[in-house]
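All chains are identified by letter, namely A, B, C, D, E and F, in their written order; residue positions are counted from 1 within each chain.
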């Protein structure tokens, strides 16, 4: 059996196939250390080929979702890298810095490519890298005290772990997207909902978690072939023309239609019973 | 003169160029048989080169827009195909299944590529393939009793006739899109409007139809060169970069600017009269 | 020092790096002459490599934003071109007409590619080419009396200077986009806001201008490397897959992370002071 | 059983699955009438879903491969269209002309998308549309008397049925491609071979046909799943990045690996016998 | 009338429409100063809309085609830029350096986008930027003493003005392309021909020039609509899928088929005379 | 220091930065076991961030380059997977099979993305997966006894680890590519050279190795920033339009021009000495 033990994450998988991933550095306000994003990358990569996992809820322990990058950790690592860089000139340093950024990005991209839907729940602050992570999720829920902040311009850089790529593709108001990316201002949950970043806002974190788990249980009760295919095809289609998306889908389903799940669903429907689908 | 006689559709074309396509299998709740989508494909392909048609209203007869795929018909055809497939292995069956899906997709894509704007009116249920069809239309109107359902995961498969490609491109809230695609829940008209799937909701089907026809008459009264070009270029630009869309548009208009319609429009404007444009 | 003197534009650059571009043909209702779009193209191209400019507010003098194309000027130029065209056949005329459209498009595209954020303020009418121009801006603000009109079908043509490319990418309701593009109807500010074309509406032009300048000052006070990078990367990512956007971003930041601004920001944060960033 | 009866083509299918398509208008030097390309389109579309066909040899009867477009037929049709066009202005005529060209292109594209390899044999002249057709084939063979001519510039137009798209992608010398496209000069078989348009040249048409059929028999004796997949994936990969081609291939083979053919091949190999694969 | 006066180029246009561009800094071995590439950009941009120019021959005066970049000039400009850069940090310098490279690239891209075929003739050395320039031409001819050198790695950088983009697309042997790009070795004319960089090699520069002009006259005698369309469509199709190239071509020709040239060609053909086409 | 110890590979790195990778399963004719491709993936991924490696020579020990896939190993693993698959239906098996193929592909793609040039030397047979591997290399050299075989159709499947994607992009004769992919015939070294798969053929393996190492030493003596950039940009440009390749290159070099190597090269050139560049 696969084990999910990570330094910075708590992972719990229910019998019904709902995994709960909790970012667990509350004393550091869940600030992202190097270890944190590596753990996230590994955890979601593992979910991809684990048939026991059908849907994932992602939340964070303590006072807030995340305060953003862990600057202490970043500075420690920068010092190490400086030693490693030695007498490297700017071009050489840049070559390795680019590889590092690609590795960082790849970790969060695992959330998108794990093929199982990911529901995020944000409470309190969700800053910088927290937004990068949230826009890689499928469905975004927040409690009323939540707020989002694309903080990067305030530390003198452009967001580079996914916000500038994914945020405009999950939200339908480009004027607003640019406003919050250029100003780094705090966006309260209700505003985030009005502009489409979040689809539901609940009073408290508890209520948000409850709603997230109910939704996750519903999704986990569906045919895993159907659900995984739907996520995969939505992601593929986002990045291709409609015609290319259709052709890839036809090929995908020429394979996926060989699952037993269509028969199971039909039989359950005839018998007016709830269908039970085997795991992926 | 071209004739529009189809087993599953009623087609009526007004003198002003507004075609009304009515899905007409009310006894079967307009469930989509093999014949239905083939008729739709042929009908809209015919519209493409019929200068008498300038704008199309698509609706359905009876109690609802559509109950989705006609399962009886699908099973009958599956049985036939099974005979045809004979001793074919999974790879061989899949090869032909893929061709079948492409043919099915192509039929609905005719709605998009016919170049004349299509306004859909939904009342009652609009399930599964009904959503695939609606997102291929240009403008979506609904009556208050309408509801939408991306039903496919409930029958053990991913939607494969266009919903996963087009829905996220006509709606600006990706979180919501994924919610309804993963859960197969019913989406009432008002919610569909709030999240952008529908641009207008009216009390009754009658009021919706009236609004749709008024809008269609307005569009049909405009220069057909202008309207057809606008639809074609919006579709092209959706699937290309801004720069590529601009270059294709410059080429298109270098041809289209040779129409008489710009002169007609200017003359009418000077004479403070309504312009009348010859058909395409 | 660079000078910004244009026949049809007033340009003013504050010490803080906020440029104000005012379209200044109030007697002609700011109708776009050939000179107007050429001036816009040159002005924003100049902004691109002018480190003194960090953010731009674009507005118009007089009664309205713009009445659209200057038809008198267009007709005069058409007459000149006719002479130039001489005995050219349709294919030859079309060849040059296409080059002309590309030149026109390129001028407005400078607004997008100048890399500094552009905030537009619309009051009164914003017709035809005015919409093409606005959707090339970053953030759109309007006063309550503003209205937008994709006028082109009413003069017998498809919009060809950017509206059909950019409008659907800045707004999240495709059904509505097509409605207003096919009907050429006037869209009041409040409706434009509800559907996402505008992110804020203020009572009067004065209030709108005030809000725009406050926002511009905020943006101009941020690290110019961060802001310029953010705009550039948002535009690049809009036209590429998420993965391609990420890879380009990693390369971009491997260079941009060599700015002093990250250190400046961190130092200011430690000292609880406002950071002051050198110009680009 | 499917029948292959065409006015302008002779079709013969061997028991081993090699189809021979012979363009059969020798009295007209196989000039392409409207009927000819429509027949080609239909014939190859039919091959696509006909499991009895595994490989195709395409050649022409009489003195040469083809003299190009049938001008008499083209003029007759142009006269008809002119009647149809009536008082249509240039923009309207152009709209329908474009649809006509797309239909013409689609017919030849069937040769590429039929998924079964097509070996062309050229003898004598192969002019204009003959080149469009040949570059849509998989493998090109010629007899020594053959010559090719991208004739279009000599009749005052650019080739528009595929030569300008496919020729540069089947040949590795762009300097030469442009030379023959700009000059419309005759290219003898030996030169065509030296620059890569043809992979083999034989003394006579008979020898060429013999070589083509031997090659076709070899291909037809292979696993049809393997061969069809190979052609499909080569075409897909030509038009995509390496990474996209790989991902599509992985999906394709996740399905195709369910064929019996891999077992058949392995068993035959162990038994040192020739494998016999069931038809597609 | 347009005038072609450039500091570093001699331009001569024949009555038949053949322009001769001669790089004319023989004392500097035609090394590329800043002025040189700016002149080339402007010259070919002017050709684009000059109907008197139908085909271009590009060669160089003196002992060789070019010794590459003019290092003295480059160093002088670098010194100037350094002053301009002042206290700019690496990120800021890089921002402007990138704009400079894009401007440099755009100048040579004019050779490709001017739509009139360009035949280059190389004699003696063709080094560095000379290769960038040559691969942007349509047809490459060389004299036996010519040699090519992708010199950039020898000066510590990757070629950045087009060689790495265009060379692999004009030559069919990627193994060889990488060999010469990684080693910066001299490639003699005969080897260049064998691997496809050059389509013809002649004994002397004089013979090469004669052949080039004969070819240019042939091309200039063809329908300019046909020739310009062919070049434009070849370039467009290189950068798009076959299907996209076909669709763009159908649109292009729906316009271009309105030229008189097809009638002129047909009439001339019937009268067994040489057609004479009006200029573009 | 990094260590390169692999079960199936011998790795040796010279002081000058030339790595030699030898596939080392001579008793199994270097047939590819699961371990083999995993080792290749890890080895080349390690090269990417190892500044001590500047150029790589890839060859194989024993009688031949490789006999292709190790069927015994493949069958053993298939049996294991069957156990793992248990009662999975075809859709579920296919899901995991696809992940497996992607992992396999990714391993060989490391050869391409390691950014250091790879020179392959083939002697004797190079079958199936051996071709997939070779076309991912930069420069291909062979001894006279070498032959290539795209074997896959003979085992009932399409090549799926890169041959169908990369072979047509490294070779300029599509007719020949399809011939060898459909027939699975052996291609002798001389034929491979004539059609562009190999750029040089030497008498013996020894001579080939000597030539490869000489070439590798030459490349390793160049600026590593220049060489790595050149490979990276060639690969990027292969998969993008010319314009996109140029823009990415301008950004890349705005960073890379900050290396010391340009100064080193210039200084050496002035002093007529060989430049010595620090490692990456």
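By definition in this document, a residue touches a chain if its C-beta (ideal position, glycine included) is under 8 Å from a C-beta of that chain, and two chains touch if they have at least 3 such contacts.
Bear in mind the structure is a predicted one, so any value in this text is a computation, not a measurement.
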Mutual neighbours - chains that touch chain B and chain D alike: A, E
Rigid-body rotation angle, chain F and chain E, from Cα fit (steps of 5°): 120
Chain pair, A-D or B-C, that carries the greater number of C-beta contacts: B-C
Approximate Å spacing (C-alpha centroids) for the pair chain D, chain E: 33
Cα-centroid distance, chain B relative to chain F, in whole angstrom: 48
Touching two or more other chains - residues of chain B: 90, 94-95, 169, 171-173, 196, 225, 238, 251-252, 254-259, 261
Graph class of chain-chain contacts, one of line, ring, star, complete, other: other
Full enumeration of touching chain pairs: A-B, A-C, A-D, A-F, B-C, B-D, B-E, C-E, C-F, D-E, D-F, E-F
List of chain F residues in touch with chain D within their complex: 71, 90, 94-95, 97-98, 101-102, 105, 109, 112, 152-160, 162, 164-166, 168-169, 171-179, 181-184, 196, 238-240
Contact set on chain E toward chain D in their complex: 117, 138-140, 169-173, 196-199, 215, 218-219, 222-223, 225-227, 229-231, 233-234, 237-238, 241-243, 245-247, 249-259, 261-266, 269, 275, 277
Partner chain C, residues of chain E touching it in the complex: 48-49, 51, 87, 89-92, 94-96, 99, 225, 228, 255-261, 278, 280
In the complex with chain A, residue positions of chain D that touch it: 248, 251-252, 254-255, 258
